[in-house]
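Below, chain A partners chain B and then partners chain C, in two separate complexes.
Here is the complex of A and B:
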């Protein structure tokens, strides 16, 4: 079945042309993509996790670029060069059924790329969880003291509890700057997903489950929070804003919130990692 | 057919009485009411038990189940089992000869079932597409405007469910049923009545999904996540029944295909001579048979949670919402390859014909198809990277998901090397196949961002993932579906499709498809979540661009419909037996293929890709091809 790649007399060396064009194009395009497109990739630099995701996106885009270049060069060349004359009689091409070198090269190239990507992703993931929800027993835990913040999702809003401030519950999310935050995400009814876009955080909120995600804030900033899992009728309206503020502003804000909610605080359920509404209700 | 014309036809009313589509619809509606009242009779005395529910869910389930049974009885699916019980000999006579009427009922001719699938699935594809237009109307402005929020979610749900459910059989239904027996040199499928059953179950399911609008729709999208699906109103029952019927249909279709391909190949058709399309059908069928029963079981559990107050998926009562997610995606991820793999197979089947070269790397191509099938069962938790389940397993699922691009790459290299130094002809089917490379490249490479757990944190559940799977499914399945339509419909009907209109359709569809879905990657990167009725104001330009493109894309599909109807009904140009110069066996038969396919079962001596090999014998029947009967 297999036959060596034969180059008929007078035939240009198509393979060499394609490979050279590919290498040249990749050598030009990949640095351009990495330098100019990379910094524009999401989600930004509002947190350490977000910055790491920008790096991940840049690395992947830089790997994807030569792949796109290869196929682009190949198809532009092949489709222009190997077209049959219009209206001519049917002419068969050379019966090439296999070339082992091409097969081996292709499998080796794709495997190496894929294994590098998986290795790189695993390395990044194990640093600090990359901002994703890791469930009740996280494996990638950053060291040092952390501020616990609980995110309680319900149809169709998020509320936040600060267990280190007496289990204060509020509808605003305010975080101190340059602090390790430990987010505990849970839900009271359907599945929601807490997505703080600029912070690079996404963690599903499941009833009866404590989904932990880690976050290291940077400077003062504002960010958006969306629900990213379809949760029923008003899912499209389940969004709000949050702020990252300085330590002193955070302390002031906590004091002010404690005063506002002082009268209802005694009726709040005790802080827990999950809550089951009682009686079990069928909403929606 | 000429013999039928001389017989005296009975009067119209006599022809309408009997087992046909009309009877089926009447019995279906009748069965619906019987089930409804019977279930009310059962649970009525204890209705207080259901006091917190607006509807009696059990009645709705029973109504639809009895309705489907009535529909199938009306079509005549019980006639044969009863005839056998009463001692009649086995036969395959159900409407094998009988004019246009056989397309409207139970028919055991695999070619009729293929055409039924083509028209039936096309109809529901149109409905799903109209729903997409309604979604884009809402998203013309960032504020909530045209549809009430619940209606919007129902539209999104019907669009997604219809496309993901119906189109699982989008290629296996029409082309698999029509072509597999011919390509393997057989006269029928292994289980012809089950073949007909898969089609009518799908049609019953499609109608049931549409009736969700009478019960308030459903808010869950196509994934139907619990516990939202348990608190949802009665329209959810239609979703559950639709997907369960699709699951049954898929399982039966897959079993039938596997049985046919394994046992009914003609002499000489060894595994290495099998057309690659048949390999694609075989690997897809394996996925269907192994994945779809999990879906049926999952939906049954959801149904029990809704009617019998069980708590499989209710965390507060000891169940787990993760159970649903795991089970659903254990089905769901193989299912997206059920959608994609037949596309791979069509591309690899058609490229040799239009590049006039043998398929390059046949064994590698087969390994690619089988490798994707196998790996697709080990990747499902990449849908749950941020769900808070098994964080320890994320590196494994990241690896397995990225590994699946290796066998997918086999398809690419085999296709590309088949083109290499070929004599390429740019016919309409070839253009659709070439577009597949472009679309699936983008779909596949953006999948890398989703398979990588760190970057998935941002892209998961955003318009990025939505754009990604539209590139793989619409760009992969629908484009190759059209390649198949332009390539094989002349064989199936005996009439050519207009080439010029076909080219206009291709170019408009290709450009508008990319113009519709590429901006959605950007919208997702900029933070637009899926399935929302509102979005940030700064994304309005992108969304408006997408909406306008989507409307024009709908127009492009209407152009196809115009071409299809015009070429097959009004301006009929008879197709020659082999308009493409293919060496495959279906083109050795007359167009359309006669009822019994072959007068004599063919003997194969090579694969159908012997282009440029003068000494290679053509895969052809041992005797002369059958004449038109």
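Here is the complex of A and C:
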């Protein structure tokens, strides 16, 4: 250890050692995390919003990597260097003294990190809503034509209405590929939450409320739908699978569903963004 | 033994005990089948067995079947001896043809979502109500549904008219009481644990009609334990 940097008091320069080790470890770990771990982060790439969320998760994970490295380096260094030898006397360490440089650097670094993440998150959110429910008057609206699909939650199933196809309602969520989708999420009873995991969509389903979310599908794919709000006995069973299909497959599927549900069409209410179902003759 | 070694062993023991307890808890959660399943007798055995499932829906289950909640709306199942039982976890064979007969003695509550007024997931997507094949019922006249969402199975059950004579008060109800008879056939497919439920808000006196018996296995909800 004779070659180690030392302080004026003859002690090794622990801070310098920790910083050097941290910089080296961070320089190695951060690119590895960004390049190899990042693309595998959730939620996937079934929609433009999902891919953007993967990028956001990659950015945040990459930024947190040096922080984790610092904690690990300090932890390991402290364990190795400052542990008391077996049977040795417990000796108090040197008193900690205020260092303005360290404090200013710490506040500046953490503030810059938080402000950057806040700015980054806001920018991402305002592009297209990032797959989140924006309420009845969304502020981040993607341009261009959109296919409107209504998500109707009830205890305990999601159903889907396609207003541009005569108000067809089905229990399957099928979407055409490479299409801008405008989801209108609502509920007929309790509070639910529509979570299409691989699509990167999550929007609360509240009774009497129209919660709008946008997504742009990519190629053919499958995805999972879950309820993400505890909604009663069968909440855990409130899941299903959805599909993104080609335009021609979507047209065929729509026709097939219209035939299957032709008999009930006469009883379906006019399409609306919210519903207040009646009767509830025996309900409390 | 040194004090440090003792402490380490103590911590290791605690961790091991906690791990075992967590393991039991998780395995219980992931394998628990709920209440014991009632095995529905097989009528015709074989690779594709045939099963007759006879059930009834009643406005009030009565003190005989549920002393604690006699006013709960409920499903009942008829066993091989012809007796009614309040069991809603039913064991059925896989890849079986299930002929279902439902006697509905309850009045209409109305569907919250008219979409569910159309039977699905059954042979021909057609049910037979009092001898008449139907592919839809008026949603307001629905009393209950028998639905297994994981199998895509939905069957709406029409309610007894409000002014019908000789309505059943408490279960068990006799066929001389006012009722509708609904029959249909479905196929169980692969092995699995499928929940079934009623979609009609039929729990009188409970918030939104979906509390009490609608949130309690043994009344308006259950499992198909397909083995």
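General remarks:
FYI, the second predicted complex is superposed on the first by the 262 of 284 C-alpha atoms of A that agree within 3 Å, B and C clash if a C-alpha of one lies under 4 Å from a C-alpha of the other, contacts with A are read in each partner's own complex, and residues count from 1 in each chain.
Here, a contact is a pair of C-beta atoms (placed from the backbone, for glycine too) under 8 Å apart; a residue touches a chain by one contact, two chains touch by 3 or more.
Values in this document were obtained by computation on a predicted structure and should not be read as measured data.
With both complexes brought onto chain A, simultaneous placement of chain B and chain C is prevented by a clash.
When the two complexes are overlaid on their common chain A, residue A:233 makes contact with chain B and with chain C alike.
With both structures placed on the common chain, the touch criterion links A:36 to neither chain B nor chain C.
By the touch criterion defined above, A:90 lies against chain B but remains apart from chain C after alignment on the C-alpha atoms of chain A. With both structures placed on the common chain, the touch criterion links A:269 to chain C but leaves chain B unconnected. Of the two partner chains, chain B is the only one that A:209 touches; chain C does not reach it. After overlaying the two complexes on the shared chain, residue contacts for A:190 are found with chain B and with chain C alike.
When chain B and chain C are set side by side, the one touching more residues of chain A is B. With both structures placed on the common chain, the touch criterion links A:137 to chain B but leaves chain C unconnected. Across the superposed pair, chain B and chain C both touch chain A at residues 189-190, 232-234, 237, 277, 280, 282-284. On the side of chain B, the complex with chain A involves touching residues 52-53, 144, 149-150, 152-153, 219-221, 223, 225, 227-228, 230-233, 314-317, 320-322, 325, 355-362, 364, 384-392, 394-395, 398-399, 402-403, 405-406, 409-410, 412-413, 416-417, 419-426, 434, 437-438, 441, 445, 448-449, 451-458, 460-462, 525-527, 529-534, 536, 581, 610-613, 616.
Taken together, the chain A residues at the contact with chain B in this complex read 14, 41-43, 49, 52-53, 56-57, 60, 63-64, 67-68, 71, 74-75, 78-79, 82-84, 90-99, 102-103, 106-107, 110-111, 114-115, 117-118, 120-122, 124-126, 129-140, 185, 189-191, 193, 195, 197, 200-204, 206-213, 224, 226-237, 276-277, 280, 282-284.
Against chain C, in their complex, chain A makes its touches with residues 152, 154-157, 159, 169-171, 188-190, 232-234, 237, 240, 260-261, 263-264, 267-269, 277-284. Those residues of chain C that touch chain A in the complex are listed here as 108-110, 112-115, 117-118, 120, 125, 135-136, 138-140, 149-150, 152, 195, 197, 199, 201-211, 214-217, 221.
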